[in-house]
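Next up: some structures, all given as structure tokens.
Shared between the two complexes below is chain A, which has chain B as its partner in the first and chain C in the second.
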Partner chain A sequence: MSRKSFRQAINEALRQEMRRDPTVVLMGEDVAGGRGGSAGVTDAWGGVLGVTKGLLEEFGDTRVLDTPITEASYIGAAAGAAVTGLRPVAELMFVDFVGSCLDQIMNQAAKFRYMFGGKARTPLVIRAMYGAGFNAAAQHSQALYPLFTHIPGLKVVVPSSAYEAKGLLISAIRDDDPVIFLENKVMYDDEDEVPDEAYTIPLGEANLTREGDDVTIVAFGRMVGLANQAADRLEKKGISCTVIDPRTTSPLDRETILECVADTGRLVIVDESSPRCNMATDIAALVAEEAFDTLRAPIRRVVPPHTPVPFATVLETLYLPSVEKIEAAVTATMNHRVVEKV
Partner chain B sequence: MAQDIIPITMPKFGLAMTEGKIAGWMAPADTDIKTGDELVDIETSKITNTFESPVTGRLRRQVAANGEMLPVGALIGVVADAAVPDADIDAFITRFQADFAATSGGADADAPADEPVMVTVGNHTLRVHDRGEGEETPLVLIHGFGGDLKNWMLNHAALAQGRRVIAFDLPGHGGSSKDVGPGTLAFFAEVTAQLLAHLGLERVHVLGHSLGGGIALTLAHTAPKSVASLTLVAPAGLGQQINMEFINGFIEADRVRTLQDVLKYLVHDKSLIGRRMADDVLRYKRLDGAEAALRTISAACFPNGRQGDDLRPVLESASLPITVIWGREDEILPAAEAENLPAGIVRHILPDIGHMPQLEAASTFNTLVTDFIKSPDLVKTA
Partner chain C sequence: MQIARETLLRSYRAMRTIRMFEERLHVEFATGEIPGFVHLYCGEEASAVGVCANLTDNDTIASTHRGHGHCIAKGVEVGGMMAEIYGRSTGVCRGKGGSMHIADLTCGMLGANGIVGGGPPLICGAALSHKTLGDGGVAVAFYGDGASNEGTTLESLNLAMVWQLPAVFVVEDNGYGEATSSSYACAGTQQARAAGFGMPYLECDGSDYFAVHQAAGEAIAHARAGKGPVMLHVHLTRWYGHFEGDAMTYRAPDEVPKARSEHDCLKMFRERVTQAALLDASVLDEIDAAVADEIEAAVMKAKDDPLPQAPDLLADVYVRY
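What follows is the complex of A and B.
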């Protein structure tokens, strides 16, 4: 056990699973990175943000494969490799690039088990980074987990810390279904206590990072940390919050969300993906349908506006949910008064 | 003058950058530079960038050498007017480095670490928490099935007043390695003896809880000279009965909700078992090899759903001070086993307490243990 960054936790999960299982292979644009070529560089940098650094040296270029810049071909190859006996971890770099290979994910990998009468296994993991706050502009900043959540046959993981990332990635690799594993690019240097050993966190069980009586906050990925900070500040003002990290958007731990909402009667959802048809609307619908009678105030969503992610730093900051916005939403639900109908 | 000396520090090129390597100085030392001049190439985990001078002046020193890796904010060079004496620049560098080391937490070595450490004993790596010091005979704490160091969170510091008290995670548990060999009491007693030898402890008081009580008794049998006294807390080995719903439920639960229900068997006051506690146990149970270790131990120690080891003969023949502490409402191992103990063994049966008196009645527990090991022989003859 020691403090490790989000980046190190992911690297360690990949390394330990590659040691444990020779069928685990990595592929993607620059997962080895910068090796060979006319410049004769030998020190591979392991991905654009160094997440896969060192894996080429340990496992060699038959298991760490740099691919051409053609998402359609290598994501398709990874899906094919998965149904024929390997356990590939393909990296899409920025999740925004999914447009180039959506058929391979949506119509192929996600459908194999169903179309082949349950006889096909597709143990495929697709890693990609998501999220705004990195000054990477509109084509490299989206939070597209709702897109994958929409597609039956995919599991979708959005880890909220280094500890969570390692355990969830190992579970994803050992899982026999295609899993989309999304890493918030702003979090790579965030540190946490992470065991040195391999461990698994089940896909589909929510985690409660705070327990309180007044308001339930559901948050995803990096938003969990912001929600925790908001909850800690609100605690000092006498408002106690439960914070739920669903860990996976698919499957979604509906039971835990409904239980906590029944306990608190108030719900705030924090989601950094575009506000139409996102996880916040999904959970709002769930609670409206299944737990309407337990609500003591309208559901509040803390979400960005329906625009591309701005590049200008001030606008990007304004675009994203923040601790202050979460605090304001929680306070608003607390101040809501039900008016008796005459 | 100090105000004419300008530090050049490791820049932060992007949010992800925490450190950078000096790939090569572009500006030679002792040359005049102006704002925007190419100063030095810096390599990060992502990219190599040319750092342009933020100031105008004479580059008096290249503090960082080519190839050196430094954190963001570290001093890499010094710019000052040619008139500033070398001694002033040396003094400036010394002061800067001292301040930087202090604020970045690099010089924190003198604080004694009161933290568990990893110790290699034979084929096993054990997480050991060694606390307290003093002339008194040290005390060793042995936890039970599925437990770990944290079982003693309300006791360890209190017991370690003026005495060295060592707690550790048994193989297969907590932060220790997960190989449990045959998973028998004899195996765990042997590892405990090896740990004592490794720590240079010839003779210790031994306190064992539940399965750890069985291990303590086995150790007293196999290595009697190393055991000064035995404190047995709801110990295994004194009867056949064992709550297998707890054992099997503990092994199988992989969700917070199911585990929380299982953990309630451990205490009389069920409100003590929160989600947090269950989550903490799950962090251990999720580790590769943990579940297999628990299954091996269960098969070895509880064959056919009953306790396989009868340690009453050890208790009866032992010639050392022994005390037994048990919660009357224990739902794992019945407190009734504490009846018919050999004469001279002092029993403390705590009302309204379950299987974990060290948690549910921590202060009573700490007093009983401290009083006993302070003068164990006196109690023996009482």
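What follows is the complex of A and C.
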């Protein structure tokens, strides 16, 4: 156990799984980097943010495959390799680039098993970074996990810390279904205590990062950290919160959410993705349908506005959920008074 | 190149099976008993069979929406295919895929595909598996002239060259992408496209089994030897419409009759092998009769087979969820 960054935790998960299973291969744009350049360097980058640095050196270019900038062909190749004996981990770089290869994910990888009557296994992981906060603007900042969650056949992982990232990525690689693994780009330098050895965290089991009596907060990815900070502040005002990190949006641990809402009677959902048809609406529908009678106040959603992600810092800050916005939503739900109907 | 007698017999049987399978579907579809869309491969049999005669179960193919021929040529069981097209639980995909998604991974058939241009990227992946696992296999993408314009196909030609994959890209050029002719929709030539990627290129008459077998044999041997991918351009004529029900108002009245009389791969095969005394006409007649029985039995069984049950709706979305 030692302190490791989110980036190091992911690198370590990949390295340990590649050592363990020779069918695990990496592919993507500049996952090594430098091939054919005038400097003669073949591991220049290790991915644009250095997440896969050093893997080429250990595993060679038959298992760490740089690709041309052609997402449709290599994401499709990853799907094809997955149903024919390899266990590929393809890096899509920015999840926004899914626009160039959605067919290969949505119509091919996700559907093989069902369309083929249960006869296919597609052990594929697609890693990509998501999220605003980097001034990366509209085409490099989206939080598209609801898009993938919508598609039957895919599993979707949104890790909230370095510890979570390592265990969830190892589970994703060992999983026999296609998994979309989304890393918040703002978190790569965030450190956490991370065991040196390989470990797994099951997909579909939520984690309670704190337990309280008054309000349940469900948050995803980087929002889990913000929710915990908000809960710290609220604690000082006498409001105690449960914070749920579902870890995966598909499968979704519905039972844990429903149990916690039954205990607290109040629900705030923090979701960095665009507000229409996102995880917040999904969970709100779940709770409205399954736990209506336990609610003591309307469900509150802390979500961005229905706009593209803006560039300027002042606008991006306005766009994103924040500790203050979460705190305000929790306070509002606590202040709600049920008016008895006469 | 001398082709073994066993291969000739197997190939003739496969071509005849495809022909009778498709001609029968043409008749049965018109009765309204077959659900969904059906795209027939009649007239193109020598392409699938000539290519697949050079492959084994260890090799992989990806097909198209017009996939029945590739399935049969690669060894997918005909009864299971027919049952699948009828939406029965006994179908190769348990009634959950239908005509456009017939697949059998056990014989290296990676699936028909409802998405034009869906196959070539998958074949890059299958070829990567063969290369990485060192199993000596080759992966073959069948795709049409329509799909040859898809970005996925062009990207795949590039990727296969960059990674030097054991892959063969078979352009089945039947002259039409849906209702639009390839002379209108394909700029330049397939040959120039291959050359643009530095990829070796071969072409052949797709109604001539021997020409396809020869060209595909060269292409597949090249890929299998680790020399990288090859494009094989097969010239064909589609005897039916894009889908069953297509009135083909976009084709001159004599186009299909001419193809049927002058470019029937089965007639050409029969003439060639009997004139060269490679096979007796009586042997071919026996195959014809046996295939007719097999197709009849497959249709009768498919019509009687059980339908999927309600629990099947929720099964097999995931391995575990």
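What we mean here is this: the second predicted complex is superposed on the first by the 337 of 342 C-alpha atoms of A that agree within 3 Å, B and C clash if a C-alpha of one lies under 4 Å from a C-alpha of the other, contacts with A are read in each partner's own complex, and residues count from 1 in each chain.
By definition in this document, contacts are C-beta pairs under 8 Å (C-beta built on N, C-alpha and C of every residue); 3 or more make two chains touch, one makes a residue touch a chain.
Remember, predicted model here, so these are calculated numbers, not experimental data.
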item	value
When chain B and chain C are modelled together on chain A, clash or fit	fit
Partner chain(s) touched by A:200 [first = chain B, second = chain C, both, neither]	first
Per-residue contact with chain A, leading partner among chain C and chain B	C
Contacts of A:238 with chain B and chain C, given as first, second, both or neither	neither
First (chain B), second (chain C), both or neither touched by A:82	second
Partner chain in contact with A:208 - chain B first, chain C second, else both or neither	first
Which superposed partner A:1 touches (first chain B, second chain C, both, neither)	first
Gap in Å between nearest CA atoms once chain C and chain B share a frame through chain A	14
Intersection of chain A interface sets (partners chain B, chain C)	none
Of chain A, residues touching chain B in the complex	1, 45, 48-50, 53, 133-135, 167, 185-186, 188-189, 195, 197-202, 205, 207-208, 211
In the complex, chain B residues that touch chain A	14-16, 18, 45-46, 175, 178, 254-256, 274-276, 279, 283, 286-289
Chain C-facing residues of chain A, complex	23, 25, 62-63, 65, 67-68, 70, 72-86, 88, 103-104, 107-108, 112-121, 152-153, 155, 175-177, 204, 251
Chain A contact footprint on chain C (complex, rising order)	60, 62, 91-97, 101, 103-106, 110-111, 113-115, 118, 120-126, 128-130, 132-133, 139, 151-152, 155-156, 158-159, 162-163, 315-321
